[in-house]
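In order of appearance the chains are A, B, C and D, and numbering begins at 1 in each one.
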């Protein structure tokens, strides 16, 4: 793996203009790169352009260390923002949980079996319940209690751990605490939450109880990036399951959990594979 | 058909108590009836009992004209409310529409092809757009304009037509007017609406625009009984379809229409087959 | 729990005839039982009657030890076969696996978290790969190699373990061996398999490769009872997931695994809750 | 509309090689074209490259009449096959039907309401049943009986009508006749069929009866291009719907029809929007 040249993935976005694709693909081609993927999207309402492009660094004439600067110049001239990701650099995801383990277990299993190519430097929890599960997978587990008064202090500790551990993405795998704006800012567009309803239906606490009371015939789960406004962040992925009048709050919860974990896992995959662009509170998700 | 004895369908609901099923099934059996269907549901939260039971009137010892009274006595003793429906009596459904014809056409096609065993005595509209479609299917079309001031008058006319036509159920097949409480009361639990969102998300006007702005990855449609509160009535059926960042308001609308008409048709079938019970703002839907 | 009287669930099936429901519900009522659930199905093609009925044993005038005999007499007179299950008697399910752990982990997690109210006396495998997982959940793991010649001998050992452990149901959680007719007969209608395709499409080996080659746009998973004919047993539950031209055999497999485990878990729940009746190679599944 | 320059859509496919995207996008850019869409797919198993690219002809320096030749040269040098489509040139689709009208009505309604931007020069049928429906939409209806002996003759007549009418695509909207290889060859990759099952399950006649007998819990519909082998052509789109033991062949058929028409309409849209590429019996479907 170390011998082989990596694939580089570029995400690009900005005001739409003529010649973006031609300029960028020519630059890559002229420098000896083989494009292995390209997908783009033009939003005519916002007049925005989005692109995901991947090429093989094997024999590429711009050195890896200089790539960001050189590619950045090309994008700058087009008025485009860009980010680069190398296939040999794993993302480092921390997981925050409370008491329920179904989402955590799902992520850990996918990680262990090689489906999720990430590093998981640590798990943070405001409860002790899932320490065993973390232990079985040999991942450091930090137990940090939190209440209204202690939240700033607890979050400061969490951020310190994340800094040390070089965490770049946070998964809230049913972490039942609302994060402060300060925390959210520190990991802008990098905190992925799973909400146990089909947003924007049933925002906030106890969505399964809300769904039961309303008598819906379908329930859902939504994975989204966290912003300061509760459950209002850009939606990455959603799924649903049918229910009937026979379902009570408990069985709604069970059926819901089966989609929660899959929805979260799919969203995490999309993020990890650098397939997600964000603009104006919405996501553009490119094909895998 | 006239020769053959009908099947009778009884819907029963009330506070749960011991011996309901035994009492009712024995009464039917003792009177020579063959039960062809029974489904029941006990709601432990509300402590309510719901049942749908069907039996063959062939050789039944209680005459059809006396059935409601005699069966009513049995239910009364159990503290149960009841309704009876005979398979040889078609429901009479009026359809109210505005400009969009996809739901109307769908119902008319199902009716013409024999899938929906109903009578459609008339179509009411506040626009002329769908008169042709009604004409093709030979159904009287009443054009009655409506605005804020004229609504009471218009609704009075509609109700008069419905009374004359012995209408028992109303389908709002994308009728873009809010009915008054008075109208709703006149057809309590008998007005079926199709709302073009996955309720309770996107209540009110322009749900596809709302969905577009929120950036959801799934849109839906909901069929429900109309109550005084807008889009808050008991939900009968819902379905969803996946969408992507490539969808705009127009394509959301097109994808949505494909589920709107199926969701409405399914809900209408459930109602027509007397499979729906209502309690406390929610429905119990028995199997077909 | 031991103090409280159990709920008894009766499954009944046989040629349809008049008065079955009335006779049975009256017998229960006359003996002081409170019916908490009843669902029935009449198959007019096969002229068969199926019923699931549950009642509270609290204050019931037939003693638990005599119930099977006494209830059996009632059913016998109606020409009906019957089985009884008490809510305080857990089913004992053995799990057979090979190398892949996603279905096993899923069942173990549901069992540990209380969703699946069963006993799991042992796990059998023809590989060592999943011993750790079994260990974490403290379940005895029997490693028994098998090849064509040793299969009769291995199966005999397995059956002996099952007899000792009083196993009544077997879950094949991705056990990649075909069972002999002898083994299948020993656990007739009690072996639940998960097949990684939407049966009857892609019977046999490597369904994801078959699906890839055919270019389908949806893949599925099927849980069914095992019969002598490979992948031909009565289907309990199925689900599907959409795929695209971008999917390769590996990603089809990953997407498929997410539904395999849920489909298997749902089927196991249905079986454990005694909601499944089998007739003529098909299942009748009553609501939960 | 006539004043405005059209958008051109190019479909390109061939053995993968370096620089395809850069070469083509640069050529378009250098000639003053604004690319409004690009999606591509590389199949590493087949080592094939597929691309759909759209650009605005407004101010483009290659004249419309010469575009195919000039663009063809660029593709030829890259070893790529290509096809071009102009947004101001509607496809001409003929529809072939037998007795069932649900798919036909659906297409006609979408066409009339402007969803499907196509011409429908004629409808061919081996029955008279749907003449009325064609009449309502003012489309010529040709009734041509067919049996085993007369098939070559009937097909010859159909092909002659199609030639006269400049038909480029054929929709089999539940046309219950198997076409000869000769006919299929005449419209290779241009005949879209709807099969009323989830292929490859239940190939051939009476899939709903087959599904009923097998006791599946989900049924489906498949739209595919017609090849000489029955129901084996490249799949364009599929969808499914859940069913239960309560469904009989008739209700399976009704539920199935609701997805048949949507699946066919989606497939027709994909074809009409030039989003489908075919290789090796499979389709590549680009986003809308």
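Just so it is clear, a contact is a pair of C-beta atoms (placed from the backbone, for glycine too) under 8 Å apart; a residue touches a chain by one contact, two chains touch by 3 or more.
This one's a predicted model, so the numbers in the text were calculated from it and none came from an experiment.
Asker: Copies subunit C, subunit D: same or different interface, half of numbers shared as the threshold?
Answerer: Comparing the two copies, subunit C and subunit D contact each other through largely the same residue numbers, since over half are shared.
Asker: What is the chain whose Cα centre is as far as it gets from that of subunit D?
Answerer: Here the answer is chain C, farthest from subunit D.
Asker: Would you mind pulling out the distance in Å between where the CA atoms of subunit B average out and where those of subunit D do?
Answerer: 37
Asker: Distance-wise, how many Å sit between the C-alpha centres of subunit A and subunit B, to the nearest whole number?
Answerer: 42
Asker: Name the residues of subunit B that each touch 2 or more other chains.
Answerer: Each of 244, 246, 287 in subunit B touches at least two other chains.
Asker: Which part of subunit B faces subunit C closely enough to touch in the complex?
Answerer: 18-23, 25-26, 28-30, 34-40, 42, 242, 287
Asker: Would you pull the subunit B residues touching subunit D in the complex into a rising list?
Answerer: 101-102, 105, 109, 113, 115, 136, 244, 246-247, 251, 254, 258, 262, 265, 287-288
Asker: Quick one: in the complex, what on subunit A touches subunit B?
Answerer: Contacts found on subunit A: 41, 43-45, 198-202, 214-218, 220, 234-240, 244-246, 248, 281-285.
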